[in-house]
Every structure is written in C-alpha cells, then in structure tokens.
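Take a look at these structures.
In what follows, chain A forms one complex with chain B and a second complex with chain C.
Coming up: the complex of A and B.
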C-alpha cells in the first residue's frame, strides 16, 4: 500500500517507460517511416488504392461504359452514363466514383471486362472538401497505376514535403530507396 | 382432349395445342428463340427440343401439337445436351459483345447461355462478320449478333405488312436488312427492336444511353392517339452536369453534390395489356423526348409591360382569380370562354368543366378542332365505339379517309393484318394518302375531298336500292327506312361517276360486301368528318350503319380520332350543350348547371372579335397554331382582355396570353383517359415532375380556390395534393356510364365504359345533295390536306425523336403525275391553288391516286392551310417548278 503510494508520487512507472524509450532512441535503428517530411512508401503491385482508368496504346479510353463495375459495387460508388463516340464506340460520358463510400474491396476491378478500372497506387487523397474524394473521369485518368517493378514496389523512397498555393504534396525524389524491414 | 405425360406427370389438355404451350402452362420451362406467340411458327432455332417417347429424334416443341398418349420429357439428358450444343452453334458466330450490347440484361441468348450452355466453345476459326449499318433514323443494326430467328422479318411480313426487314442472302451470308439496304420508312419498325431476342436490332435513340437494369419501369398509356396503347415508360436519373450520384439515388438518398434529373429513356410495348398485343407505332414508342425537353415551361409567367416574365404560383393564381372574377362581375359569365384539348385526362377535363359551370357560371367550353359537333351528333358517335379486337377478326373492313392510317396507325395495321392473314375483304375510300397500300390487296375507292357526305349518301343509296339493309327495315322498321331515303332524293348512282368521281360498280359492290359480311367493320377518322358538314356526315353515317346493322350485332363502326383522350373529354362534358354523361344543357337532369347553351369554338372566335368574349381560359390547346385560319384566330385572340394558358410549352397561343401556367406531361401525372373503344385506362406516374408545374386539374382547382370556391371533394375547401382518386370518385358518381370506374377496377387492362344505357334518338333524314366535282383547266390537280404519321400536335412538334423520324414536310405527288411534270424525289416545287401558293419538297409515291397532290397540314413550318383558304373542302391546284 505504502509502496504503491511512493511509486505513484515519484512517477516510477513513467520513468521506467521513458527509460525504455530513451534507450531505443539512442541505441537502435529508427524504423518509423518519415512520412511525409522525408520519405514515402511505394505500394505493392496488388495494393488496392485510389482507382484509375486505364488507356490503351493509342491513348484511348478502355472503358466501354458497360456498367458492370457500377452494378457489382456493393457500396454504390460508381455512376456511369454511356454515349456513342465519333468512331461508333461505346464510351462513358460520365464516370464518377464517390470514394467516400468505397470499401476498396476490388470487386469493380474484378468485374471489368476491359481492364479499364483499376486500383492504383494512390493513398493521398485526404481533402478539405467533399468533392475532393469524388473522382470524375478526368481525375481517374490522371491517377497513378501501381508500381510494377519488383525492385521498387514495397519500398520506402526518399521524398520532399511541399506546401504551396496548390496545396500540399509529397514528392518522391528517388534518391534513396530501401526496404522497410 | 388428350392425355399426355409431361416429365412423368399426367395431364389432360386440349388436343392440337403446342407442346411448348402445354409444358409452360404446366410449369416446365422450355427455352426458345424463334417462337413468338403472336407470329407464325418457324421452328428454326431448335432451342425448344423435347424428347417424345417413340420418336427417334428430338422434336421442336414449338411446332409439335400434343397427341393423346404422348410421353414427353423436357429435361432428359439428350434434351439437355442438345440445348447446350445448340447454344454452342449459335455462339460460333455471335460476338462476345455483351459489355457494349444494349440488349445485355434482357437478352435471351445471354440468359439461356448462362442457364443451359457448357463453358467454352470448340470453334476456333474466324467468325462471320458484317458491317454495322444505320437503318433509317431510329435503328442501328449490329447484325453480327443476329441468331437468324427471323422474328423481325416475320413481324414485317405478318404484322406490319411493310416488308421493311427481310432476309438478304442465304446460309452463312444471311443478313437481315432492308432491300438494297435502303433506309427504312415504316411507322412500326421500332417493334422489331423489341422483338429481337438479341441485340442485333437496336434503337438509335436509346443506344448506349443506359443499361436496362438501371431503368425504372412504369406501365402507363400512350398519349399520342385515341387507340391508347399500353406502354411501359422507362426512366433513369441522369446527370445535369458531368458528375452525379445515380447510385445514391437508387439507394434512396438525395445526391449530395450534384444535381440530377430524371429522364425517360425509352418506351416499350406492354405486351398483352389493354389494347396492346405486341405492337406500338413509332410515334408512341419514340415520342417521349418532349417530356425531357428543356424548352418546357418551367415556372408560371405573367405579362408585365407587354412581356411575359417568370413569376410565382401565388402571384399568377391570384391574378387569374381576380381578373376572372372582375370580368365576370362586369361583363357577365358569358364573356368568359374556356377551351381544352383532347390530350388532357378525364380528371383534368372534368374539373375544367366543373369550374366553368359551377364557379364561372357559363357553358362556354369547347375543344377546338376541324369539326365541332352538337350533342345529338356526339350521341351518334357513341354508337360508333367499336372494339379494336373486332378489327382483328372482321371479314370485311371499310376504311373511310386517310387519317385512320396516319393518326391511329395501330388500328389501320390491324385492318391490314386481317386482310393479309385471314383474307378479310379490305376496302379503302380515301381522298389522300393510303398508308396500307403497299402491303395489302384491297379495293380502292377514290373520292374527292369535300364529297364525304356524297360517299355516304351513295353507299346508303346502294344499300337501299339493292335491299341490302337488315331484314327488319323491310318490315317492322320500314318507316325508318323511308325517313333515311327521304334525304337521298338528290343521289342518283348513275350521276355520281360524273359528279364526284365515284364508280357505281365500286359503290355497289362495297355496299354488298358490307351487307354480306358476317363480321364487318367500318373505320373512319378525323379527316372524314372534318369541315362544315360534320354534323350531317355523322348523322348520315349513323343512318347507314343502322341500315346495315353495324351497331354491334353483325358489324361495328369505329371512330378513331387523333387526339388521345377526345372520347374521354366528350364523356366529361366538354361541350357547350351537354354536361358530363351527355346530359343536355337546360334539361331537367342538368341540375344547378347554367341553363343557357354556351359558345362552341367556331362561335367563340367571332365573339372574341366583336367583344362579346372578354376572357379565354386555354387548357393544353394551341388554337393559334392548329387553326386552319391562323390569322383570323390570332386577331380574335388579340382583342381579348385576358387570356390564361396552361400548357407544357410556350405555344403560339401562350405567347398571346396574360398568364401562362406550366402543366405536367402524361408521364408526370396519374389519372384516367378513355380510348376510342370507350375503354377507360390508367395513367401512371413515370417520373417526378421535371418542372415546377402542376397537373392541369390541380391548376384549375387552385384558381377556383383563389376565387373562394371549392371544386371537388364534396365541396369543402380541403387541399389534397394527389386527389385523382377523389376526382375519379366524383366522376363515377356524376357520369352514369363511368359508374363502375375506380382505379382498381381499371387496372392495367382498362375498363370498358358502358354506354348502352344512353338512348339514341330515332333515325333522322339527312338531306344529301350529290357533290359536284369542280373542274378547271388551269388547275388540273386535286390538292388534299394530309398528315404526317409522326407529328400530330404540339407535343410531337417539340419532340426531337419524332422530328428525327418524320420525313419532314413533303408534298406527295403521284408517280405518274411526277413523271409528267418531270419531277423526282427531293425536287422543290410550288403548289398553287386559287387561295394561295406553297413551296415544298416533293416526294413521289404510289400511295395516292393520279391527279392528287397531298400537302401535310400538321407541319408547323409549312403554312399549308393557306392553300385551302382555311376550309376543309375540294381544292384544285397545279404544280409549278
């Protein structure tokens, strides 16, 4: 009882804990990812991140507005409207994903017969407005695909944190790259 | 009766029925492609094979009738593997197109492949391919997907009769298409899109717009003519801007970020409902674009300093109310007139007349049109409400006038079918275009426009002279016969040939066919009774039909007007001289209604010009645009003190108005309409209103409320928003032949109103003087007003789809006349009559008689009424380059 009292008054538990902390701080290698200030993680090939729309070799949309992705999506994320383009192909005039609702389950990607909708590498799309998470077709076309190079995927790469009038960005510089573990 | 064993289950069925039908009825599913209950048997797809004990090979159940003692297996191992093989065969050439195919989701091939096929195919070589082709303005052909079921070509042969689609080439090169790949001109071609079990024939207007599973379907009634086909309107939420949340809508949430709007994306036939079998005409199928149109009136408008500006409902309604009240107080109720249209629902029309009779206190209500009929003639028309079903089974059909073909295409199609498939005797008497001509053997009578009464007189004469009338007229009813004959003194069959261009033989043989028929039917439309003589024509028709016994027992007469709910608005008492249920104004039963007869439209125009009429309330009509004498009507309306228009669009009449109130389309409201048979049918709400409009009857109710009067719901001042049910209740209490009408009783098949309780007056003498054909060396041609099948009023004129379909304002010239004038299709010519001239594009045709030129009068861009001096009469003219 009295022992307990002294332990509490003199913060013994805390000091013990801090001792461990300081020991690690000075004696072991740092394993925290220095994101966003210095480093950034490159996802694996099969990472289910921010979606993107793929294009074919000629740069043309692959999507044929078949709405299978919209149909299978359990969360009702995707909205599509088709039209006939100048070449007579079926294409989406509207392809919108409201990612607030997305569960990143990957069913849309699985359902797509044209390999058009894909999960990409993006995971940095926190925003100040709700619209920021609503992906229109143009945004989806700009989004990045996953890294395919086995040397690079799953690595941590050095990066720079930038804040300018367009907002904040974490730009990879690729100078240093290492495996996280 | 036959006792058959179906998959081990014994059942008693009528012998001679198809195995397929019997099995389906007994709950065994048999897949089919080429079979269609309403088309002839082809038995080419072999999907429906079944095993019959004792027969060496599998048999097509769609072509094999049941016989006593048959043992049938529908799921035996052989059958199952035959199905899978058959599908493998079909998929040899079928592209794996489902993601881009509009049919996916309602495709028989897709469904059956999913259900019955084995995975994978063994065919490793090149597929047969064709080019994609547009076929006319509404169809795109993806013939690679065709499985050669020939439903389309059978439809065109058997039902529409226009051979628009047929089989080109044979074997592997078989391609369904039009002769020489020419663009298709047929008012029924949209049906083949719906019939095609795969996505080989697709609608260009729906193409790629939506997947079928996204559509919200509503069964309702086509508003575009008096046949009242049952349609399914399919709508979808689509974006206004580039982004929207369709799915959020479907999950029942309001879209958070962007605005969406609902649009009707297609109409399809509700097979087997109401009057509809499998066909719609393309006017009904594609005439939905005006609903989605951005040029619709969006908010109430009030005239300020000579210009119409947007306003609020409160302001607009109180202005209408105060203005009508003050005009009524100062100039009397008779100085206010009201016109409605044959498009508005029964509820709209009922409340409209109630407002005029109970609140304003006048009988000045009418429907403008090419004819205006008094109560006695309208009562005669009641006896001419035959059934469309009757046309299908008739053995003698007489069509009077061109407008049956152009205004109510489905009725005319059934007539053609009866003649083609069952050899019914088809006789047409037309002054203008004959839409049935290309397809059907028939006897053709030509009459001169304006001699309609003479035609009827001649037929009646022939019936009397040949003693072709019902037996009773020879005996008991001899007196009545004499009454009819008294008016025919001026008709001598011998002279007619010279006078009206009618061949005596034709008239006599027509009369004989009608009289000898065991099931006869006579069809006539707007153009036959139009003009100044409409009362006499209707009365003479009634006389003729009475003599022939065409009052239900052995024959029927069918009046088929263009306006969707003209019959309903007559039932609702939209007339200056009778109340709902045809109660005469001023009679004992009329109760509190004003005792004085009101003005009809023909009387309102002069009354407006000389100041007797001060205000006009227009519900859904556009007399300035549709009148044959536009300037006269316009000048008359300009003199009025106050005009209210409630309509969908800024019409020519609305431009003159002081207050314009936005109404809703048929897709946005519920209510009832009555078709040409007297079948009361139900409109259903396909979409939420696209504009800040109100239903027509609601607007009237709100005006009445602003005037301090209650209109419906037992006359208390309760505001009910969706009160159709209450209005219908009141209608069924007021109108005796609607007594049984409730929304439940109507259902999706409609409910026949029973007019048998309405008494007809005795036959009357109609004085008929033979029409004298005029002749003029300088004007050798007969100029006849005609109509465009796709355009028939203010909604269709604003419908992108129908404007696309319409061949445009064309002047029809008979081929040999064209050759004589050195004309070819597409030339621009001038038609000259004594009244005026008109320039237009020529279309050569064999659908009219030599010496006739047809000028469309329902194209707003063509000022064709000028040619006719504003009258519906014989007009002579000539062509000039």
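Coming up: the complex of A and C.
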C-alpha cells in the first residue's frame, strides 16, 4: 500500500515504461519486413493464393472440363466450356475465373479429380483494370510461375522493387533467405 | 558598405529576424524525420526508409504532397477566420524566438521582461486553435478547440508558477541574465535538486500540455475527435498546424533550456572552448528527444485526469515551490 503510493508519486511505472522504450530505440532489432524494396514474404504451404492450371509431363492441360470446380464454387467464379480435341480427350476451350468474386475457399482445388486447378503462392495481383483480375485460361497457365516451392515456404527472401512499362513488380533476387520466426 | 550594414541597427535586426524565421520554418523538416525515426525504432520497426538514404528526404516528399493537395474550406465555415487561424497559431511561436538568447551575444532582442514576453506571446497561440475549431463549423473541431482552450489555460497557470521560482533565483526577468545566473558548471544550473528541480518538473509537464503533445494531446484526440481542431483542414493549412505543433515543442524546449538547463553554458567551465550556441543546440535537441520519447512511450490522459493533474496537483505544487524558494533565498 505504502510502497504503491510512493511508486505512484515518483512515477516509477511511467519511468519503467520509458526505460523499455529507450532500450528499443537504441537496439537495431526490427520485426517488420521492408516489403517492396528489400524483402518479400513467401507464404506457407497451406496458403491459398492465386490459382493456376497444371499441365502434365507432355505439356498437355490436365483439366478435363468436368466442371466439378464450377459446380462446387460457392461464389460462381468459374465458367467452363468443354470440347473434344484430336486425341479424343475432353479439354476446356474456355476456362475463366472472375477473381473479384473468389473467396479463396479452396473448394475448387479440393473438388478437382485431375489436380488441374491449384492454389499457388502468389499474392501480388493488384491491377489497374478490372480485367486484370479476370483470369483466362492463358493467364491461369502463366500463373504456374507462382507454384508453391516447398523449399521456400514460410521464409523471407530478399527481393527487388521493379517499375517498368508492364506495371510494378517485386522480384526475388535470391541473395538471401531466412526464416522470419 | 559592410560598416554601414553592421552599424545600422535596423538592418541588423532585419537580417537577424530573417535568419530566425528561416530557422523556425525549416526546423519541422528535420524534426518530422527524426520523430518518425524515433517512433519507428521505439516500436521495433525501421521508420521511413524509401525516400533517400534511410528516408531523410521523406519530409520533402510529405511537404510536396501537402502542398499539392486541394485546399478545402467547408461550406458552413467562417471563411475569414478559417483562413487566418493556422497563421495565428504559428506566428506566436515564431515571435517567441525573438527573446531567446542562443548565446551570450546571439539574440534578437535583449528584453528586460523577456520571460513575461515569452509566456504572454506563447499564450496567444491558443487563439489560433480555438478560432480554427470554431470557424470549421464542425462539432469535432469545436470540441477540440474547447478542450485546447481549457487545457492550455489551466497549464499556463502552472507554468507561470514554475517560472516564478527561476525568476526569484536570478532576481531578473531578463532571459540573458537568467542564463548568466546559472554560469559555472552543471551544479549551478536550475535543474539541480538544490535549485529548481520541482519547478523543472512542473515546467516539463505543463510544456507537454502547452504544446498539445502526448500524454496531453486530447485536443487532437484522433480516436474520439478525428483530429480535433484541425479535422476540417487540408493541404497547406493543415501543414501549418503541424508546423505550429513543432514550433511549439521547439520553443518550449528552448525556453526550458534557457530557464533550467543553463542556456549556452557548458556543463563544466573547462568545456567552454566549445562555443555557447553549440551547447545550446545540444541541450535543445536532448530536450526535444525527451518530448518525442515520451510521445511514443505513454498513452493519452483522460480529460478529467488532465484537469485534475493540472489544478489539484501541479498548481499547489507550484505555489509550494515558490514559497520554499522564497524561504531559502531569505535564509541564505
């Protein structure tokens, strides 16, 4: 009681707080990422990022246009039109995802019998036009670049900020990689 | 020509005033950067990093951005008062620097009522804040203005009492003589416990309140007032308010240095080889660091706590300090 009174009068708790912040001020430790300029976060294995369409060893689409993904999608993101190619396989001629509506629930990936549609690790797909977020089959194939790499999952990689005519990008330069936690 | 310029008092005063105003106007540039860096490091993050080396050019980028913003005046606002309020806030703080002696011979005016002048002019800036809050015709701004008025008036009293102790020690209202009375090493500065430590404590707390900074920044109260008296301001006028806040902090620090930290005197007479104004700047910078350090360490006071602290604790303590100082001066 008396101790508490003197603690209040001499502002002990306030000064303790200031000692702590003083220590933080003069140590170099930093717990944030310098995201676009120097570093970039690679998400974990379970991350549900930008979708991509997988291809098999011969470079053929895996998708058989069964439309299971379109059926299960709670947000009606996926539009599919199928056709039969020369070899007699069913393939999609149109496979469009309007990602504005996507909830990244992962049901389409779960449902796919061919492991054709997948979640990648990509999360940088902000765009200047609405069409930028509407993924056509071509774009979904290109998105394979964001495929998850089990080696890198959950790490911070050093990166570089690039601004050119195609817009802005954060490119890994592979110099350094470390675990955040 | 040189003799004419040096000999002509009016020209010399003009030159000095230009230098002083230039310094006060350019101070917010480095200080916003330092403040954001300190904020960052206290919160274990790097602070501004993108513009220039470790973000040193950030204040220029911010200034440019504010400069290019549209200057919005709300529909129901009192246009004239809304326009002049930022200037009314900023100008008194610039005027304060007239009376502050930076070194033994570097001052604009050697007023023999310097302390009174500083307190009086510093009190004027409250008009800008009240008028800004009133003229915006917005309830948040008005509440912010009212809070600022109540807070600054209460703490002005406490600050006045704190300063009386110093005036009694120096037997003078002249800022230069107050500094000279503290000559001869760190032991004769007014901050020492056998001089005016209590007074310094009251001055410091009242100074936080006068410059509207955390822990007493309830006039801005972004949580509940959305910015307080400058809610409706944008662009250049907003940045004038921000500059006024820095000028206020800086002038409080300069006054505190003069009154309590021995002005331009070195901590030990042997260190007098370093010129006085450098000591002055070092002391002011340390003082400013305390302001920033406190800002990012402590939460904000509640309104009634603030009033209770001012009226029930600081003012009685100030009166007691004056009485005890008088007693000791009589007995010595």
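In this text, the second predicted complex is superposed on the first by the 148 of 181 C-alpha atoms of A that agree within 3 Å, B and C clash if a C-alpha of one lies under 4 Å from a C-alpha of the other, contacts with A are read in each partner's own complex, and residues count from 1 in each chain.
Rule of thumb we're sticking to: a contact is a pair of C-beta atoms (placed from the backbone, for glycine too) under 8 Å apart; a residue touches a chain by one contact, two chains touch by 3 or more.
Everything numeric in this text was worked out from a predicted model, so none of it was measured.
S.K.: Quick check for you: in the superposed arrangement, does A:131 touch first (chain B), second (chain C), both or neither?
M.R.: In the superposition, A:131 contacts chain B only.
S.K.: Contact-wise, after the overlay, does A:83 reach chain B, chain C, both or neither (first, second, both, neither)?
M.R.: So A:83 only meets chain B here.
S.K.: Which of the two, chain B or chain C, is in touch with more residues of chain A?
M.R.: Of chain B and chain C, more residues of chain A lie in contact with B.
S.K.: Looking at A:12 after the superposition, I want to know if it touches chain B, chain C, both of them or none. Which is it: first, second, both, neither?
M.R.: After superposition on chain A, A:12 lies in contact with neither partner.
S.K.: Tell me which partner A:168 touches in the superposition: chain B (first), chain C (second), both or neither.
M.R.: After superposing on A, A:168 lies clear of both chain B and chain C.
S.K.: Tell me the contact category for A:71 with respect to chain B and chain C: first, second, both or neither.
M.R.: First partner only, chain B.
S.K.: What is the contact status of A:103 with respect to chain B (first) and chain C (second): first, second, both, or neither?
M.R.: neither
S.K.: For A:55, decide between first (touching chain B), second (touching chain C), both and neither.
M.R.: Neither partner.
S.K.: Quick check: in the complex, which residue numbers of chain A touch chain C?
M.R.: Contacts found on chain A: 14, 17-18, 20-22, 24-26, 29-32, 34, 37.
S.K.: Where on chain C is chain A touching in the complex?
M.R.: On the chain C side, the touching residues are 38, 41-46, 49-50, 293-294, 296-298.
S.K.: Please output the residues of chain B touching chain A within their complex, sorted ascending.
M.R.: 98-100, 104, 132, 207-211, 213-214, 238-239, 242-248, 250-251, 256-257
S.K.: Quick check on the complex: what are the chain A residues that touch chain B?
M.R.: Touching chain B from chain A are residues 64-68, 70-71, 73, 76-84, 88-90, 93-94, 96, 98, 113-114, 130-131, 134, 136-137.
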